[in-house]
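Letters A, B, C, D, E and F name the chains as they come in the text, with residue numbers starting at 1 for each one.
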Amino acid sequence: MDPYVDRLIHLSLDEDLGAAGDVTTAALVPADARGTGELWAKEPMVLSGLGAFARVFHLVDPSITCKLLQKDGDRTAKRQLVAKLEGPLASLLIGERTALNIIQRLSGIATLASKSAALVKKVKGSKLKILDTRKTPPGMRGLAKAAVRDGGAHNHRFGLFDGVLIKDNHIAAVGGSVREALKRAKANAPRLVKIEVEVTNFEQLDEALEEGAHIIMLDNMTNAQIARAVKRVAGRAELEVSGGITPERLPVLAKLGVDYVSMGALTHSARAMDLSLELTLSPASGRGRG
Amino acid sequence: MDPYVDRLIHLSLDEDLGAAGDVTTAALVPADARGTGELWAKEPMVLSGLGAFARVFHLVDPSITCKLLQKDGDRTAKRQLVAKLEGPLASLLIGERTALNIIQRLSGIATLASKSAALVKKVKGSKLKILDTRKTPPGMRGLAKAAVRDGGAHNHRFGLFDGVLIKDNHIAAVGGSVREALKRAKANAPRLVKIEVEVTNFEQLDEALEEGAHIIMLDNMTNAQIARAVKRVAGRAELEVSGGITPERLPVLAKLGVDYVSMGALTHSARAMDLSLELTLSPASGRGRG
Amino acid sequence: MDPYVDRLIHLSLDEDLGAAGDVTTAALVPADARGTGELWAKEPMVLSGLGAFARVFHLVDPSITCKLLQKDGDRTAKRQLVAKLEGPLASLLIGERTALNIIQRLSGIATLASKSAALVKKVKGSKLKILDTRKTPPGMRGLAKAAVRDGGAHNHRFGLFDGVLIKDNHIAAVGGSVREALKRAKANAPRLVKIEVEVTNFEQLDEALEEGAHIIMLDNMTNAQIARAVKRVAGRAELEVSGGITPERLPVLAKLGVDYVSMGALTHSARAMDLSLELTLSPASGRGRG
Amino acid sequence: MDPYVDRLIHLSLDEDLGAAGDVTTAALVPADARGTGELWAKEPMVLSGLGAFARVFHLVDPSITCKLLQKDGDRTAKRQLVAKLEGPLASLLIGERTALNIIQRLSGIATLASKSAALVKKVKGSKLKILDTRKTPPGMRGLAKAAVRDGGAHNHRFGLFDGVLIKDNHIAAVGGSVREALKRAKANAPRLVKIEVEVTNFEQLDEALEEGAHIIMLDNMTNAQIARAVKRVAGRAELEVSGGITPERLPVLAKLGVDYVSMGALTHSARAMDLSLELTLSPASGRGRG
Amino acid sequence: MDPYVDRLIHLSLDEDLGAAGDVTTAALVPADARGTGELWAKEPMVLSGLGAFARVFHLVDPSITCKLLQKDGDRTAKRQLVAKLEGPLASLLIGERTALNIIQRLSGIATLASKSAALVKKVKGSKLKILDTRKTPPGMRGLAKAAVRDGGAHNHRFGLFDGVLIKDNHIAAVGGSVREALKRAKANAPRLVKIEVEVTNFEQLDEALEEGAHIIMLDNMTNAQIARAVKRVAGRAELEVSGGITPERLPVLAKLGVDYVSMGALTHSARAMDLSLELTLSPASGRGRG
Amino acid sequence: MDPYVDRLIHLSLDEDLGAAGDVTTAALVPADARGTGELWAKEPMVLSGLGAFARVFHLVDPSITCKLLQKDGDRTAKRQLVAKLEGPLASLLIGERTALNIIQRLSGIATLASKSAALVKKVKGSKLKILDTRKTPPGMRGLAKAAVRDGGAHNHRFGLFDGVLIKDNHIAAVGGSVREALKRAKANAPRLVKIEVEVTNFEQLDEALEEGAHIIMLDNMTNAQIARAVKRVAGRAELEVSGGITPERLPVLAKLGVDYVSMGALTHSARAMDLSLELTLSPASGRGRG
């Protein structure tokens, strides 16, 4: 598994357990009690984070087995069995909340991405792709980006290292000129990454075109402005729309001929999905105490 | 600062920067460029996470100074200056997204907690306290719990270690008996933590009372059932209401005489608030390249 | 295993091995030599720390097998076989000292706890429980607390997070008033932890009772004072005796009617028990060098 | 400071605080309360661990100042002021127990080492040096070794990497021959470390001498046997006495002409010294809550 | 500083010091001795790694001051003063070797890169850029890539995350077809990274052109083949030459019209430069021992 | 495996992969594709680092199997199969570069050590041993020292902790006197490490002999001076020659009667050997995408 995911899980378990551990389970559950667990989706959703869900239990106790019955990207019914666990009952109880916190959040992102993508898909012939942003839950970048893909949307760059994206603050940092920013980018950027630049008006758009930006982000423009920009660019660069986009606006944007729309809300404001873990004491175990 | 907060920030910076760093900033911004930054709230909100916001920049570059103009728990206007930063412009750009991701999310939690608490406060004489749960963003337990307090709501236990909370899965783990679960808890729980138990019907409620639970959680009960429970318990234990509670239901609950209501949504489904960082190149700096 | 235990073991192995490793073993023992080891108790004791003992060898070399013949809390004869190991002889030699350092110390704590508990048990009908403190060997909190239980004594709170214990320095911190300290504690303490307060005289005792402390710690009182306190409290709170308690005083305390006595010496001054590891070269192995 | 010491302190603070922190202090002490602390020795002792004591508070809160009035190796009166602290009162309370746990234990080791060394010093003209062993508290190797020196005794090797010490288990590992063990050691040991071998009888002693061991450890020999060994060796190697040595035996050993005596009890069974921290609320601070 | 650089320095210090530290310095140098150090280049070279050199001493002892008299990329005389240090003499001795190991190696890379770049620069009008590879010293990726730039050569991608580079093993992984590999890359690669593909013959070259690769790497081709490829491509993609390139071949390649040549030897086989640290005891210090 | 080796591998993988991972492999290779890999030596060399090579793949994906056909210290033909791997093809691609970077470098050191040792071996009857230094690649101390042994040369001390080596800077640190430095070393050095001192002239040599240094390092002396030193010392100490030694000088040194010659170049300037990994897609796997 990904070391970044493991760091997040360890941090989550540490904040929940500390050195003192689960005092409820320690008081109630005999060491030899074994149990089974069922992960149920309790509303329709697109699943994401099943690997991390299973990983939590593996890190709590490698003797737990986890069988996944669904896979990331699958759409669930209103009530659907997603995974089965078996192992020491105390270990299942210890991992429950941490594992659920992760999968509920990621499935929320996937589900919101899926709903957004569906709105675009309805517009026949649209090439519009919905992108995420770097506005991901702290420590969950990779998981959140995978959830976006599981929902049928697409990823913008992963981090600061795999693409040049010149935003308003960068333009301010070079003294306010889009042209100057792009000149520096072309001279100094890594050889294998493309250059995208954010513009807020048509002078900047023209400078971006003249300097050969690969992608131009239209920030906070009206539909009319966007339509004008598409016409002006005429395929010389890819176009991305950004800035407070709500799902309601997607069908219109899908018709305007832009290539991408990026939505921070996909990852920063998705609500958690309802999934729960139902545990059962295995017969003839756990007689050691009580 | 709290080592758990530092672990979260390091993880977030690592996922955003990797070993290769911010290629846009490296390409555009001269090493000697200095800048100032202003953190603006762009909608009304209750602030939370200012310490972690400042800490991000400190960990990116200890030479950055951060002056907080507001404090956690403050309510902002629609557009309000929250903090000022000064330092190397490249370092400000590198920390921007990570710092915003944290404060936007925490202020979202504080704002939702505040709105919920206000609904209860309107009910004169109610003793009802709104509690959070352990359904916090992974790796952000302490920050999220502080945000709940900043918004005027209260914290349930912090983790698995500072209170006994016997839930459905624990009752299943001891064979289905609330009485048996409480007996074990009283015999084995740490001396200084109290015991709370979840019940779903009145037989369980009676067992909980007989076994001397300090707090009884009424799970998924109707208002009528809750009222009946309050009467039956008659002050012999504290009562907590739980299970899919929405803000709309709070005013009614506030009148029923229960002590607590716990709401997972406070921390698992709050949307991010809109805050942004506006950077300016300091005059007469950053002439080293370009 | 517990990540805190693993951190302690890794730290111990690192300080013993560094990057250069065991130069004696490297010089003498062929890589293909296998061996068996026997862990012997060499004086009567109560065992504790067997899991950590085995864990050391697992972290040194996962191919070592460790079979425990006794369990934590067992009382040994003057010379008794406790565990058997098998694996690469070099790995057994590398883990030996670190594993022994841990089990010798923990068995010392368990043995002292057991002796102390026995002194109380002799007093028929006494409800007195012997408690440990937070004066545990640095980095061994959880292991030391388990050793106390293995010896038949009980645990006070685990750390600073799972109970309010107001001591002289806290009372000084609020300006000297037990009443004020308890008022603040009741207003601000986490909902699920109890409140204990240390008192040194009867005025403080009365304030503690009036403010509803769950447990009152009588600090450095004479037997006569303790008897008077028991009478005064009359079951309205639990009572704990503390302050330089030696085992000799336990039988008297057991008759006074207090609930608890806490003893720092259990964990800060127990001597190490004598356990040793006896290794044997397995026949027909280790012919690779020499 | 030493990274190994920092790892121990972080582990100790983590086990005491977890992510939830000090709930007593959080409930009682206002954030703006400042305080002073005095570290008092409360019995005569040899001090050790002052640097680590101060380091704990620095890692808890870098704004705390710690002024040491004594230094490691100093002998205290029955009641003596050792150090003064100043800083946020909450931070002083948080660090108190962890810092005391370290210095109490290390001063115990230094004091026992000092008492042992004094017994030898009384024997005029004796060259006997008292050595420690690797039987140190887990995670405290370097601190414990410094405490031994602070008490006036000497260090054996630090770990497995800075000296060849062939013990019974190594001899077993090469098939039982001291000669074979020494041959392999001379052929393979690092160029700059010396070779010491443990012998239990005179045949082994002769082999050790013939193979040129730098130091020979006489294990569990009677005084008469030791005297005979000194005579036989006649300065051809250094001699160390080992095996269950109690302080009472030191004066006799000091007259027998051996070079070293090693005592595990110095570090594995020293009792903790009585030191305490007395805190005072600074006037006109801490009015923020209450 | 970069956390990756800190990890490398901590690892290097740990392997050199362990928990036992510098026994020579501990034995010889009084704790109060202060000293000055001069870093001298002892042969002509291009410097690189000055920041990491200074960082080593900062991590050993934050009280050391380091003044850099040269900067990365500077060319030294045969004997030239590069930096001055001042601080506790023991700390200077402890950091010496680790700091030198880093700067000697990095200056070796910069110097070799500089020599290679000079060979190309002599060819008037050549656009050829010399690139490094990912064949960097383990753990030194960022430092080595900076050294290449300090020497005047250029960086290929940083790691596996910031560019698609399809090599022989990837082509094998998709069943042997360059076309198939490029199709998959275009469909699935991150939006902001470019695609480079390695070809070994002209059929593959044609496929790469048809599939729109941004950059084509000609692997192990003769000068004649390269010339033919340049003609065939005619500016439709950038061209990179690779495979066992020695500096001797650079002038010829510079004339062939390719865009890039990548050389693993820049970072995997550069020899260390001769730099040394000369320490002096500061007058009137270090009288504490001896 | 050694935790220091694991730290180096994790650092190397982290710098190569970051949180975003291998984008080429992710785009091209289906998750269910399996493959085999062959590690080929492509020039004659002495192998070293096979354990670390295998360990990289194990840390990337524990399901990869690695079968070593050669062992460290083996000499290869011009083209020779060294190891076989089998596992998920994506995992093989991810580990390839990191694993090669390590083994290529270590085999370079072993090969250079072997060539140097061969030059000495040709001189019949010479006792000269070739030693490495602490000038090892940062983070690779233990691996590099093993490579030196694999090549048939010998190790000087491992780090600062396992031997006293008094160099020019130490002599400066005690005020310039070899005698004083040795006096302090004898008084204060750990009991089980030997003392070596560097001398640059015959007065220093005489002081070193008089003070009983175990080993004397002759720094930057001519062959004539070395011969004179050997005569003067006459076996009273071991002699080591050091300072810019090239392989060409070894045959002469081998005849002069010194014990050791230390060569920094063995570890700081060995070139990387040519080894490559050839991967093959396993039939009937990897049909999941494309």
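Keep this in mind: a residue touches a chain if its C-beta (ideal position, glycine included) is under 8 Å from a C-beta of that chain, and two chains touch if they have at least 3 such contacts.
Values in this document were obtained by computation on a predicted structure and should not be read as measured data.
**Student:** Give me the set of chains touching chain C intersected with the set touching chain D.
**Tutor:** Touching chain C and chain D alike, sorted by label: A, B, E, F.
**Student:** Tell me the angle, as a multiple of 5 degrees, of the rotation that maps chain B onto chain C over the C-alpha atoms.
**Tutor:** Rounded to the nearest 5 degrees, it is 180.
**Student:** Tell me whether chain A and chain F, two copies of the same sequence, contact each other through the same residue numbers or different ones, using over half shared as the line for same.
**Tutor:** different
**Student:** Compute the distance, rounded to whole Å, between the mean C-alpha positions of chain A and chain C.
**Tutor:** Chain centroid spacing, chain A to chain C, equals 45 Å.
**Student:** Using mean CA coordinates as chain centres, what's the gap between chain A and chain B in Å?
**Tutor:** 20
**Student:** Multi-chain contacts only, two chains or more: what residues does chain E have there?
**Tutor:** 4, 14-15, 18-21, 23, 141-142, 158-159, 161-165, 190, 193
**Student:** Between the chains shown, work out who touches whom and classify the graph as line, ring, star, complete or other.
**Tutor:** The chain contacts form a complete graph, every chain touching every other.
**Student:** Within the complex, which stretch of chain A touches chain F?
**Tutor:** 2-4, 141-142, 158-159, 161-162
**Student:** Within their complex, state which residues of chain A touch chain D.
**Tutor:** Counting only chain A, the residues touching chain D are 14-15, 18-20.
**Student:** Spell out the residues on chain B that touch chain A in their complex, using ranges where they run on.
**Tutor:** For chain B paired with chain A, touching residues are 4, 7-9, 11-12, 14-18, 20-29, 33, 35, 89, 93-94, 96-98, 100-102, 104-105, 108, 134-142, 159-166, 169-170, 172-175, 180-181, 184-185, 187-190, 193, 264-265, 268-269, 271-272, 277-281, 286, 289-290.
**Student:** Show which residues of chain D lie in contact with chain F when the two form their complex.
**Tutor:** 131, 154-158, 161-165, 190-194, 196, 214-215, 260
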